[in-house]
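Presented sequentially are two complexes of chain A, the first with chain B as partner and the second with chain C.
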Partner chain A sequence: MLKYSIKRLARSLITLIILITIVFALLRFMPEEGYFNNYEKMSPAQIELGLIKMGLKDPLYVQVFRFIRNLLKGDLGLSYRYRVNSPIAKIIAPKIKISAKLGIICMAISLPLGLALGVLMARYKGKFWDRLGNAYIVFIQAVPNAVYFIFIQLYGSTWLKIPMLYNENDWRTLILPTISLALPSISSYAMWLRRYMVDETNKDYIKLARAKGVPNTTIWFRHVFRNAVVPIVNLIPGSLLMTISGSIYTESFYSIPGMGGLLVDVIKRQDNNMVMVLVVLFAAVGIVGLLLGDIAMALVDPRISFTKKEGSR
Partner chain B sequence: MLNNGDTILSVKDLHVKFSLRGKVLNAIRGISLDLYKGEALAIVGESGSGKSVLTKNFIGLLDKNGWVDSGEIWYYGLESGPVDLAQYKTEEDWQGFRGKQVAMVMQDPMTSLNPLKTIGWQIEEAIKLHQGLQGEEAKRKAIEILSDVGILEPERRAKQYPHEFSGGMRQRVVIAIAMACNPQILICDEPTTALDVTIQAQILQLIRNLKDKYGLTTIYITHDLGVVANVADRIAVMYAGDIVEVGTCEEVFYDPRHPYTWALLSSLPQLGIKGQDLYAIKGTPPNLFNEIRGDAFAPRNPHPLKIDFLYRPPYFDVSPTHKARTWLLDPRAPKVDPPEIIRHIQGIKLDTMDVKANGGEQA
Partner chain C sequence: MSKYLPSEKITKKLADSQEEFLRKHGILAEELLDDNLNEEQIAGLDEDLFGLAIVDESEAERTGYSNYSYWGSTVRMFFKNKVAVFNLIVMLVLVLFTFIQPHLPNQIDPNLVNYYDSKAVWYVVDADGSYTVDGMKRTQGGYAEEPKADEILAYIQAPSSWGTPAAFAYDEEGEETQLEVQADPANAGWYYCLLKKDAPYLAIMSEDLTASTYYNAVWLSVQGDKNAVYSSGVKQTKGELITDVPDGKSLAYVSAPESWGVPKLKAQASLTGSDAEFVTLKPVPDEDGWYYGFFPTEKNTLILTSEDGKQKGMNRATVSISLPQEAKIVKGFIENKPPNKVYWFGTNDIGQDLWARMWAGTRTSLFIGIVVAVIEAIIGILAGLLWGYVRKLDFLFTEMYNLIDNIPYTIILMLAAYVMRPGIKTIIIAMSITRWIGLARFIRNQVLIIRDRDFNLASRCLGTPTSRVITRNLLPQMVSVVMLRMALAIPEAIGSEVFLSYINLGLPISIPSLGNLINKGRTMMMAPTLRYQLFIPAIILSIITICFYLVGNAFSDAADPKNHV
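Let's turn to the complex of A and B:
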């Protein structure tokens, strides 16, 4: 197990380094003004000097190496245009905190609800619960989020008499964004779990369990749910980590100062350093999420072996 | 060999129907059958003849769109007296009966085991349900059963998962699970079809040994007459949702009376003559969505009687243990000889009809 994890971790690291190099190299093609906040007023000589000072005239591999070394030291560099000359770490840390808080609350609510709905739908396939759930899922998946987000915001804030916009010191202002985020999330958990469970119920080993006299409810939870949840377990670490990337719609609707849309903003402002940091951050989160997902899945599914096959078959 | 002892299960004029795409399918058309305690009954017939459907009624595993339309299935194995299984409708009715009284071994061992649970766990689950043992006791019992079904190093193997077992070994585990239920009747639904031929004989031998050791009543569902010859005391031949002939193994093999049984036996590859085409039954089985008039086999019978198309034959007794549903046995019927090839069978010893020599599916 440990050996497997370490091996996977090493492989992930290599992926990350390759990714950093590629993104780094690509960003060098971006216009130079992305490194200055007053590019228009500078003379070519000043620009040249500035670039040298920042080490941007060094050979690429030196730059990549330096970037990685700084990353390891926890130094993400400075923002040049988004917020002039302030450390990037200081800019994104509070944003990550807010986005993650919202995302984790949302997951804590939607995971149990979504799984419960999925179980109900699979159990009563074709009956009332399944139809109701299907109507909900189809609605959520088919209608663009922004449409029902607006309704939630308008009617929610009127009916519940809570402020429309986010306020750090008022927990009630988190309710509506959480609902907005949870609705699609619940629907996708329910959809996948239902599907996996229906697949499982048709398998032979469920018939055998029935034939050996296992009571129905026990079959549903000990066999069907247990086996259907494996692929969902794989997704959970990734979704959990991805909460730090925030959500563009919800955060802008409620003016939540989170990570949602930050990448788009910094690209628009041509803040090369911040683009670099955000891309690396999201990529790292994605890679680590996959890694943790695989490890989590290996923990619940014995068929995923950590060592080479022993030729038992 | 034949046990004329107590009847353990008695099916009386059973009709089972299915609702499929808005139409009603008559899957079982008035079957009556007695099963005796401790015997091995083989139910043979081609695909779709209703072999599996019939036995699923004994364990409450009929598909959701099927139902017992009329008839009775009396089970005599309970101390509290006989029960009519045809009256069992809900899951709750079957609870406590399934597994404990009737257990089942299914066709495909590769998919019959839960891939995420250890072998030991899956056997213990049955033990806990039906033998009232818990914890260490259940664990020990599971290991005992594993070694009973011929799995070496049972302590170690019990901790392994299904994917660490070969097909034949998995079928042993499936049998172990059935045995862990400690049932009265064991239904083996084509237990060797998915296995390669060298393993088939071992599995049949194993089931036979367990039957002798525990006095199990076994029902084999198969279309492999080689399997039948090896293990069965009695044979019931099914065609189009009906049992057309039933008798001891010797009676059905050496003295078959129904034209369908003749046709089925004629298609045994072992009886084929070198250089000639193997015999195949012409035509297709009748559509069970329609009402069947007369003898269901008449349209495929090379020499049908007129009455075969008009009236359904009753059972005629050939001997106290042998009966067939064909007008040929009526005293007024003209004498029709079985095909040449059937008379050859007398020359073949049953035991030599080894599964290894058998070419697979008949008909």
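Let's turn to the complex of A and C:
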């Protein structure tokens, strides 16, 4: 287990380094003005000098190496346009806190609700609850988030008389963003759990258990649910970590000063350095999330062992 | 139920055909049943019986005796699902309509900024004589007659009970001239006349001159619990108008709630409020609740109070009845018009027709979705097959998958769109970069599972080339998933496009798309009268995405051979 984790971690690091290199290479194609806050007023010579000073004319591998070295020191570089010449780490630290708070509240709500809905749907497959849940899932999965988020904001704030924009000191302003964020995650938890549970009920050992006369509740919770929930456990660390990246739509709709809105802002202002740092950060979070997910799955389900050669991932 | 088991049926068929064959060659079956033939009998047998059996390759490929057809069963399964069939119909109608819409007559270009007409005005007259007039082009084709520089072309649509309407123009002094009204040959129900710019006050009357848009009188009424006073030039009393109006005075009709008693009417000069004088009101003969009086024409601000003075009209009515409304050329964009007969879905804030933009946007989004789906299918299948079949490439593809799968999809999408210029191509590339690998991984897993199954081993032993094994044995098993992913690519592409538009990396406004429309609508969200700009695209987008999603899922269920009974 430990050996596997270390091996996975090493591989994740390699993936991350490849990613940083690709992002660096891509940024070469990005407009140069993304490195200066007063680009319009600068002469070509000044621009050239500025680029050399920032080390952007160095060969790619030198830049990547320098970036990684600074990263290990906890130095994420400077923002050039979003907030002129201020350290990126300082900009994002408070934003991560806000996004994570919102994300964790949302998970705390959506995980139990999603699992409950999934169990309910699997239990009454083909009946009213299942159909209702299916209609909800289809709507949420098919229609782009933005569309129903807009309507939640519009009618939520007019009918419930809640202030539309986020205010740190008013907890009511968190209600609508939380609902918006929870709706899609409830639907995805419910959808997967239902699917896994239905698969599980069709297996032979369940038939055997029934034939033996095991009570229904025991079958559902001791056998079906416990087996079906394992792949869901795999997702949880990832989603938990991803909360720090925030949600782009909700945060910018309600002007919550979190990470999701930040990425959009930074892209709109063309701050190349921050775009890169954020992309690397989110990718790193994604990678670590998957790793932790696999470990969590192994902890929950003793049958899973990683010492055997795996197909992929 | 047949009395034979399926296997017995087959063997019986074989036996029967064998017997028939023998009988044709003059051998009785009983002879054959006897194993101990003597040499004579053997010599008497047909030479063919000892030769190699004739093999017909095309017959050999036929699937036994079963009349199972994969696509037939798929379609049958699909049509069992009523919801999916309904959605399929809705989807087909919508998609078809999207593509025929620009070829329908009288469609407006989606990018055209609509101005009010500079030479004509349109009058729409209702049966009670109320009317609207503005410069929104309501007739088709060009002008019926080119107006000269000092003329305005007035189009008139009157209720059919009016016959051919008569038009009277007034100048500033109130001089009346009758205009020549002609029917517009290109537009049924429309008439037109030419109006001089120095006599632009137009009154329209019915052919028999009994109904009119303009009377030399005003009708005041008090409505609602706030006692709002409405003044109108539309005739509201039934009988003939009072004719003996004294010189310098104008006729006013008043109707007030019963609790008011006989209302009092005070007339004063506008703004200054000086020289107020009360107007004596008399009941109108044969009309309950209506009173009439004459007020001095220049004192045109009218104030209504009840008989005892306790109830007051909320507002003063400033009336001008000496001339009909002026026919004025309206200048500017036809902007933010709610849905109407000309612009079925209204217009946006710069005067573009939302109906045309809606369908053009749907076309763009569908086009993006379909192209992304096709690219995904082609690259995904090819890469998946290579990944599964060529062991040396496994490492490369697996690493690539890890890389792409580890980064959130939206971030790759944003990064790709950020690096490239906004446009349809960018969006397609940005979406295709990552999508294919998911399909490739699925195909690879299927290939690994199916590749070494017995029937494939058998094919390989028989020397079937790999390409044939792939196209005949492998791919049909994956149809269901490939189709599902292709169908789901369209809602996903629409969603991604909305997302990219939202963060300003989407299509320019000159290319209408669902994302552009939704985002434009969102900015109008806070004004209740402009919400139609958000509702209409949101509803159509939801219908399209839900249809594709449901049909895709239903088809994939139907295409899965496990579900074919």
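Operating definition for what follows: the second predicted complex is superposed on the first by the 288 of 313 C-alpha atoms of A that agree within 3 Å, B and C clash if a C-alpha of one lies under 4 Å from a C-alpha of the other, contacts with A are read in each partner's own complex, and residues count from 1 in each chain.
The rule is simple: contacts are C-beta pairs under 8 Å (C-beta built on N, C-alpha and C of every residue); 3 or more make two chains touch, one makes a residue touch a chain.
This one's a predicted model, so the numbers in the text were calculated from it and none came from an experiment.
Student: Please indicate which partner A:L154 is in contact with in the superposed arrangement: first for chain B, second for chain C, both, or neither.
Tutor: A:L154: touches chain C, not chain B.
Student: Which partner chains sit in contact with A:A142 here, chain B, chain C, both or neither? Use first/second/both/neither.
Tutor: It touches chain C, and chain B stays clear.
Student: In the superposed arrangement, does A:V279 touch chain B (first), chain C (second), both or neither?
Tutor: second
Student: Which partner chains sit in contact with A:R226 here, chain B, chain C, both or neither? Use first/second/both/neither.
Tutor: A:R226: touches chain B, not chain C.
Student: State whether chain B or chain C is in contact with more residues of chain A in the superposed arrangement.
Tutor: When the residues of chain A touched by each partner are counted, C comes out ahead.
Student: Using the touch definition from the top, say if A:A209 reaches chain B (first), chain C (second), both or neither.
Tutor: first
Student: What residues on chain A does chain C touch that chain B touches too?
Tutor: 312-313
Student: For a test of understanding, state which residues of chain A touch chain B in their complex under the given definition.
Tutor: Listed in rising order, the residues are 203-205, 207-216, 223, 226-227, 230, 300-303, 312-313.
Student: Quick one: in the complex, what on chain A touches chain C?
Tutor: Against chain C, the touching part of chain A is residues 11-12, 15, 18-19, 23, 26-27, 29-30, 138-139, 141-147, 150-151, 154, 242, 245, 248-249, 252, 263-264, 267-268, 275, 279, 282-283, 286-287, 290, 311-313.
Student: Touching residues of chain B toward chain A in the complex: what are they?
Tutor: Within the complex, chain B contacts chain A at residues 59, 61, 91, 95-100, 103-104, 106, 108, 111-116, 118, 125-126, 129-130, 160-161, 163-166, 174, 177-178, 180-181.
Student: Can you name the residues of chain C that touch chain A in the complex?
Tutor: Per the touch definition, chain C meets chain A at residues 398-399, 401-403, 405-408, 410-411, 414-415, 418-419, 441, 445, 448, 491, 494-495, 498-499, 502-505, 518, 522, 525, 534, 538, 541-542, 545-546, 548-550.
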